[in-house]
Each structure stands twice: as structure tokens, then as C-alpha cells.
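So that we are looking at the same thing, I have put the structure below in C-alpha cells.
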Amino acid sequence: MRLDAGCQIFFEATTPTPVVFMLRPRSGYGQWIIREEYLLQPSVPVVEYTDSYGNLCQRLVVPPGSFQVHTAAMVETADTIDVDTTASYVPVEQLPEQVLQFLLPSRYCESDKLGSLALDIVGEATPGYAQVEAIRQWIQSNVTYEYGTSNASTSAADTAKSKIGVCRDFTHLGMALCRSLNIPARMVVGYLYQLEPMDLHAWFEAYVGDRWYTFDATQVEPKGNRVTIAYGRDAADVALSTQFGAMQLLEMKVWVNAKSV
Amino acid sequence: MRLDAGCQIFFEATTPTPVVFMLRPRSGYGQWIIREEYLLQPSVPVVEYTDSYGNLCQRLVVPPGSFQVHTAAMVETADTIDVDTTASYVPVEQLPEQVLQFLLPSRYCESDKLGSLALDIVGEATPGYAQVEAIRQWIQSNVTYEYGTSNASTSAADTAKSKIGVCRDFTHLGMALCRSLNIPARMVVGYLYQLEPMDLHAWFEAYVGDRWYTFDATQVEPKGNRVTIAYGRDAADVALSTQFGAMQLLEMKVWVNAKSV
Amino acid sequence: MRLDAGCQIFFEATTPTPVVFMLRPRSGYGQWIIREEYLLQPSVPVVEYTDSYGNLCQRLVVPPGSFQVHTAAMVETADTIDVDTTASYVPVEQLPEQVLQFLLPSRYCESDKLGSLALDIVGEATPGYAQVEAIRQWIQSNVTYEYGTSNASTSAADTAKSKIGVCRDFTHLGMALCRSLNIPARMVVGYLYQLEPMDLHAWFEAYVGDRWYTFDATQVEPKGNRVTIAYGRDAADVALSTQFGAMQLLEMKVWVNAKSV
Amino acid sequence: MRLDAGCQIFFEATTPTPVVFMLRPRSGYGQWIIREEYLLQPSVPVVEYTDSYGNLCQRLVVPPGSFQVHTAAMVETADTIDVDTTASYVPVEQLPEQVLQFLLPSRYCESDKLGSLALDIVGEATPGYAQVEAIRQWIQSNVTYEYGTSNASTSAADTAKSKIGVCRDFTHLGMALCRSLNIPARMVVGYLYQLEPMDLHAWFEAYVGDRWYTFDATQVEPKGNRVTIAYGRDAADVALSTQFGAMQLLEMKVWVNAKSV
């Protein structure tokens, strides 16, 4: 489906505040950026670079006062995500080198602490896709989605206890559980068509059956029409905005509309 | 200045033809992509990846029949290029590692063969920027710009003899002469505002005074308002279209317009 | 000083166990590997690759039974580490791109939780080297060095409370405190001449005054003659051995001897 | 087989001469460095870095006077090279991204000029391994191996005419012919056990049947026990010594001995 996805973010800074934004999607496997735009108001110098995961990052200093970011893209996306319940576990020694880093614990995914929970959840599921799906369903059924219950320090171990959170927390927990079973998992941030309520979104991918598969613990059913903005180990890597100083996010508007072709 | 730069290319293939395009500019030092679009007709699957220089490359297979590429960008560019006639030669041992590769000879820049010509041209010029500028002016004065006089196999050594060619040949010769003096030089392809006649363009950058400076041997005066699409060692690396099979380029339209802000 | 540094590690596996070792130092800024050796007993196939930080990683599957790794290097090292108490804080917007990742929180460095402790510790110290040195001294004075008091899940926030640990914990705490002040910090694992008791070691580097400086909170005085094996964000990245399965480390011998030149 | 391979090179410089050496083999697919050493006399500061192909490069400035490099490695190598005459041509659109660059022409491999010669040579051979082997055999039969007949500017197109040269020229010609058929080819420099006469050596690899295969046009039969030092597009990339200034290579000793295990 062809989507028009974008967001408008309103900031207020009291002092010059360095930030790194990740708000520009790239064409890649599964999505093609037909058109995109990126506007800053007031206009300031920006440097764009690629991080070690290949994400486009925009560095700039937000000046004191009101500041506005507008970014939008028309993207050709896949209507469905691939599902293969028979995709099998890939033994660590057969994983591609660049995938290995997604086995490690990270700031918000203390996989070293969640091994026994993971074993409980997956039970007799066949190693691989079926295990990840069991984890996804367990989170979907057992964790309550509610805004304002978690914050920027909430980690997978926290969510495993509190059983409440938002998409970011669902994702961290799913990844930490996968990694504790030696299944590589990486975080994705982006847009999802018909997300309710509309917002920027996060989900994860797990590496089984020799490729990455998409999993979203916030959704009941597999849903396609996703626009990937960035990949990383967890929210520390792929924050849409990483700011170094006091700056207020006043308001954010997000939209994802179907385009008739 | 804010520019609207773009091109439309019409191909005709008789068999499915794999190609790699480099037609999507990236925001970076000196330019900010405000808006861009990239359309293929008919629509085909594309994979976009980053080459070892950081350029965005689009891989696809052109189907038999007519095929059209349309790409355009609104870009904030600098009105002038930096000029510093006192920027000095950087001894090889002080060059950054990633710059070293631009000292080596390459397919179209046989710097190993042009050392004595380079010494003749630079004469008593101070090592560094002044030498590169002497080379640039020598090419500007001594090589005739004429379409149809060179082809895809023409190299700097060829142009040093024939003294005729197009922007690509001027650039290769400039780079080969710089490298023969141990001055790193890299090729840039992109758009230049008010280029006459309008076309996709090529120029080069030389590393002196601890940074890259822009040089364009096709122009009499230093001119800003350039949009960089790709960097590389020479035209083998940064062809806007590298095709693997028989495909005809029927027509190409290129435009660079000033936008009133 | 020319050092002979090495280690011998004895493992016992009951099932084939995939591992990634980081046990081969590389020549780099500040150290030159004159001679090195790396032996596995029994001999098994190994693949060596470079991770995203540039560290050499050795992948293999440890077979069931006894397994022994022997690695040693003769290295030319610097007798002292650079100290510059006037090196100043680098504003985030002036940091090189590849340094930015070392500002982020990571598995064992929850810098997002330690900001007020860091501010208490640095007090009126001048932003930059002096702050990092205040942090280093505070850890040196307030955290007790004792084996067996921490484990593979212990993080900087844990150590800030327990005030006890080993070199790994001292390092994590130092880095988390630096990052909470927007000073980039990275972990180093390697050898230190005359370390008491001798062992593989960990310390950190902080980026101030436009370069990396070495800090070691386990030592009273600045000490040189270090051999770097690997760099990373924290112990998740630079474990000398990351194993995926049950394998016992039975014994480890480490030596660092001065060579008379 | 376990090999002891090494070389000793004697230089004489009149002025300080920056150089980049590639003389340190790395463990990788197919070889494991058990022990290695690298000595410079007199001792000078060296920086080691990794180029864009992953080769280890040693940067230093050779001081005026006599200078000596000694490098040696004990390496576990494969006794045979893989041969698969049925390995088939990989269509360009199915090649991995990082392999694409080895399709391009380069300084010493003007594949753009050698297409019709390649077609003549391969005749009716099945696309893929069989074509590369036809090219290898044609060179083996038609090009005379003789020292002193070529120089640092000799390219594949030159050798296609002169039909005389050394291992470097054989390799360049083989690669240029492969690339003209859209078969990726890369240069390897290293050691070959029982090479006659003993010297540092060069050969090439071609990408067919979804992997790299080894080809050596200087040898009558496929021969294993090779130690790879560096990979690249051609000799411009993988010169064992790239010097920037006047420095004499006075003498070079090379040895490759079998070790009894």
C-alpha cells in the first residue's frame, strides 16, 4: 500500500540544546521512499550522518524559543508481514556476524535476568519462530497497554514485574525474552498504518529461519503497512530524538494515511 | 540558495537489465535535503544500499520495454564555495586514514603516469591549494570542452594527450595530476546551478589545509550552489547509472532551478 | 616498555558450546604488537571477524570435554598515560560522530539514573578532565575492591548502592557517571603491568579536550604500560569470552612481564 | 598444513618517506594465524588501521638510512583449494552488495576494453566457474612468465597485448577478463607454499556459485597452502608497500616452510 506518513513535533528550549533526531526513513528491504520532506522551523544548520546500524541521524542545536520539526514521507509498503510458524531456531554458530550483537543484553533489555521467565513462557514450543510467537502472545495477553505508566528509565525487567507499559516497553520485554533464549532480536521504530491511537510506534524483529521476522506484541493480529525509520538494540540506540539538555516536547502530531494509487 | 534539482531519464531495454543507480542525494556537510522524490515507471522492486563511500545506491532490474526514472530534490545549498589560496599541503603521514585511498591511482586516473606533467604545471606554486588551483587553471585553459569527443573508456592519460573532453574528463585529469603530487583528490557527481548547458555534472575535491576543497576545471570562476549526489575515486565508482547488459539511454532531462524562499 | 602479556584459560564443556572470544590485541594508537600467538587445544575451526568497534573477535564452538586457550603477545607500550587536568569539556555538538554512541546509556551503565550523584561528586570541578578525575577519585575512595561481591548482572546503579565490586564494576560506575554529564566514556579491557593481583583488567577512557584519555578507578596513581584488547560501550560489548551455553571456566592464568630490550 | 611464512625487506631512504605496508595476515575464512611477528629496524612509531576491505595497514615514516622490515607468521592453511567446475554464474541482481564493487573496472583491470577477448576465450563454456577456468587456462598457456618485463604501470590491457609478465600481470588480466563478463573478481596477495621461485605472490578469486573461488593463472594445477595477506580490486589497493617518496627496495627474502605438527 502507498502511505503518507509523517509527524510534526513542537519543542520549546530555554538554552541552545544539542539533539540527534532519527526521523528520516530510508529505502531498504521492504519499503521504497517515493517522496519525503524534512523541515525545521526556524531553519538551523544540520549535519546528517549514518550510525553504526545504518540509520540516518540528524544532528543540530535547537535554538532557544519555539522549534518545530515537520517530516513526512510517501512510502510503498507491504500490505502484510511474513509469518512462518515453522521457521526454525538458528544455532549461534550459524548466525551471520552482524547479527551476533543482537544477542547481547542492552540498557533496556536485561536478557541475563529473564531466562527462567522465557523458559516458562515458551514451554514446549518448537525452537524458533514458534517460541518468539509464544513470547509475543504472552506479552499481548499479560501486559496492559497504558500511557503514563512507564518512563525513559523503564526496562524489560521492570515491565516483567509491573506488567504495564506502552509499545516501547512491550518491545523491550519481547526482545529481552528472545535474547535470553539466544534468539537475536532488534528494535524497530517507525509508523504503523491504522495504529490506535495514532502515534510513532515501536516493535521488534527476531532472527529465525535465516532471516528477520516482524513481531508486534501490541497487536492482536499480524499487521503489515509499516514504515521503518530506524533499527537498533533498544530505545537507547533508536530514540527518535536524543537531546542533551533541557528542552520541552510540547506537542506531537503523527499521521499515516493511505494514498490511492 | 534553495534549489530544485532533478532529472528524468528515459531508457529502453530489450532484455531484463540489472542496474545500479546513484541518483539520490543525501543531506550532509554543506547541503540539506528539504524534500525529494524518486519515481520509477513502470514500478519495479528496488533495494537501496550504501556503498563503501557512503553513497546511496539503488539496485533494480529494468524490465524490457520503456523505462523512466524521475528524481528531484529541493536542497538548501551554499551560495559560494570556500577558497583558501594559502591552504597548505598535508604531508601523507598526517592525512586521516580514510583519505589515504584518494591518493591511489584508479581506472580513469593513472596518476602513476602523469607526475612529470604535474610538476611542469605547478611550477613554483606553493605546495597545497595553490598547486591544485594551478592544475585547475591549466586544464581550464588547455583542454577544450566538447561533447562527443570522449567515451566511457577515456582516461586522464588519454585526455592529457587529446586535450579535449567533457566534465568527466576534466575531472579525471585534475584528480590524476593532484594524486601524482600526493594530494588526495576525489570525484563528485551532482548538480550545478546555472551550468551551461544544463546537465548532470562532475567536479573534484582536493584535500589540502586539513579539509576537502571544491575545484571545477570546467568553470572560469569559483561557483557555489552545488548539489552533491555521490563521491568516489573516479567515474567507475560514481556512475549515475551502472548497467549490466544492453539498455539504451534514450533521453535525459536535467533541471536546477532557484526557489524563492 | 616492552611487555610479554598473555593468558591461559581452561574450560570444561559438556555439550558443544558456541563462543565468541576477544583475546587478540591489535596494533593501534599507543601500542605495537611485535609478536603474538593464539593456540587452541584441541584445535577447532575458528572464524575471526571485526565487530562494529573494530575489535577482533574469534568465533568457534568449544567441543565437549577439556578445552584450553593460550594467547600471548609481545607489545611495545607507553610507560605513562597522558594526564591533562586542563583538558576541557567538549560540547555535544562538537563531538565527532563516531564518539556520540558513547554518550548513551547501556546495559551496565544506566547513566539516565545517576545524574544527581554525578553532580554531587564533581561539585565545582571545571567541566572536562577535572570532572572525570573527580569521579575517578571518588570511586577510588568510596568503592571497596573485593572479588566475589558482584556478578555478571551487576550494573553501575547496583555498584553506586553497594559500593563494592571489581575492576569491571569500578569501570561501569565511572562511565555511567561521565555519560550522565554528557561526557563520552568507553570501556577498555586488556592487561596492566604490575596489576595486583595479576588478572585481566578493565578501565575506561573519557573524551575530553578533543581526544580520549585513560582513567582507572582501581589505581591510586596514573599508571602506563597497558595493553588494550578491546573497546566497547560496556562489558556486554567487550566480554573476553561470550558463551552461549553451559561451559565452565575452570582456571585462568594471566601474566604481564617486562622484557629487557 | 601448518606453514611458517615470512619475509624480510631491506630499504634505503635518503629522506623521511611515508609508507603504508600491508604485511600482516589476519585470521579469517580458511586460515588461522597461530603465531606472528612484525619487527622494524630501526624501531619507529607505527599506526595500524583497517582499510575499506578489512586489510590491516601499517602506516609509518621510514627514516633516512637503512631500514629493515621482518614479518613472519605460523599459519594453519588448507592443503587444497576448492574446485567446482559446475559452480554457476550468479546474475548481477543476485550478488551480495559488498561483492558488486568487484565488477567495476579499476586502475590495472580495464574490463571495459577486454570484452571481446573474453568472449573469444570462454567460447561455449558454461557461464560461471567453467568460464573463469577457461580464462585461467588461456592465460597459463598464452602468457609467458618472465621477471623484468612489466612495471608498476602495466595493466591488463597491456598484458593482453604483450603476453608476458609476472604473477601480478597474470592476475590483473584474469580479473579484467572475468569482470568484462560480469563475474566479480578480486585480487589476493600473500604466500604460496612451494612457489617457484619463492616470492610474495598474487592470485585472484572469482565469485561464482554464491561464493569466492581461488584461481591462479601462474600455476598448472590447483594448489592449496596459501596465506592471504590482503584483498582488493587490484594492485593499487593491495600493494604490500605503498611509498610516497624516493626509497629504494634493496633486497627481499621470502620463505614459506612446512612445519611438522
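In order of appearance the chains are A, B, C and D, and numbering begins at 1 in each one.
Methods note: a residue touches a chain if its C-beta (ideal position, glycine included) is under 8 Å from a C-beta of that chain, and two chains touch if they have at least 3 such contacts.
Chain by chain, the UniProt names read as follows: A, B, C, D = Transglutaminase family protein.
Treat the numbers as computed from the prediction; the structure is a model and nothing was measured.
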Subunit D and subunit C - chains in contact with each: none
Most remote chain, CA-based centroid, reference being subunit B: C
Centroid distance [mean C-alpha coordinates] between subunit B and subunit A, Å: 37
Where subunit B and subunit C are represented by their mean Cα positions, the distance between them in whole Å: 44
Centroid spacing, where centroids are CA-atom means, of subunit B and subunit D in whole angstrom: 30
Sequence positions of subunit B contacting 2 or more other chains: 49
Contact pairs between chains, per stated definition: A-B, A-C, B-D, C-D
Contacting residues of subunit D [partner subunit C, same complex]: 24, 26-29, 32-39, 43, 46-50, 54, 56, 58, 74, 76
Subunit A partner contacts - residues on subunit C that touch it in the complex: 18, 20, 49, 51-52, 57, 59-61, 91-93, 97, 100-101, 103-107, 109-110, 112-113, 152-153, 182, 236-237, 242, 244
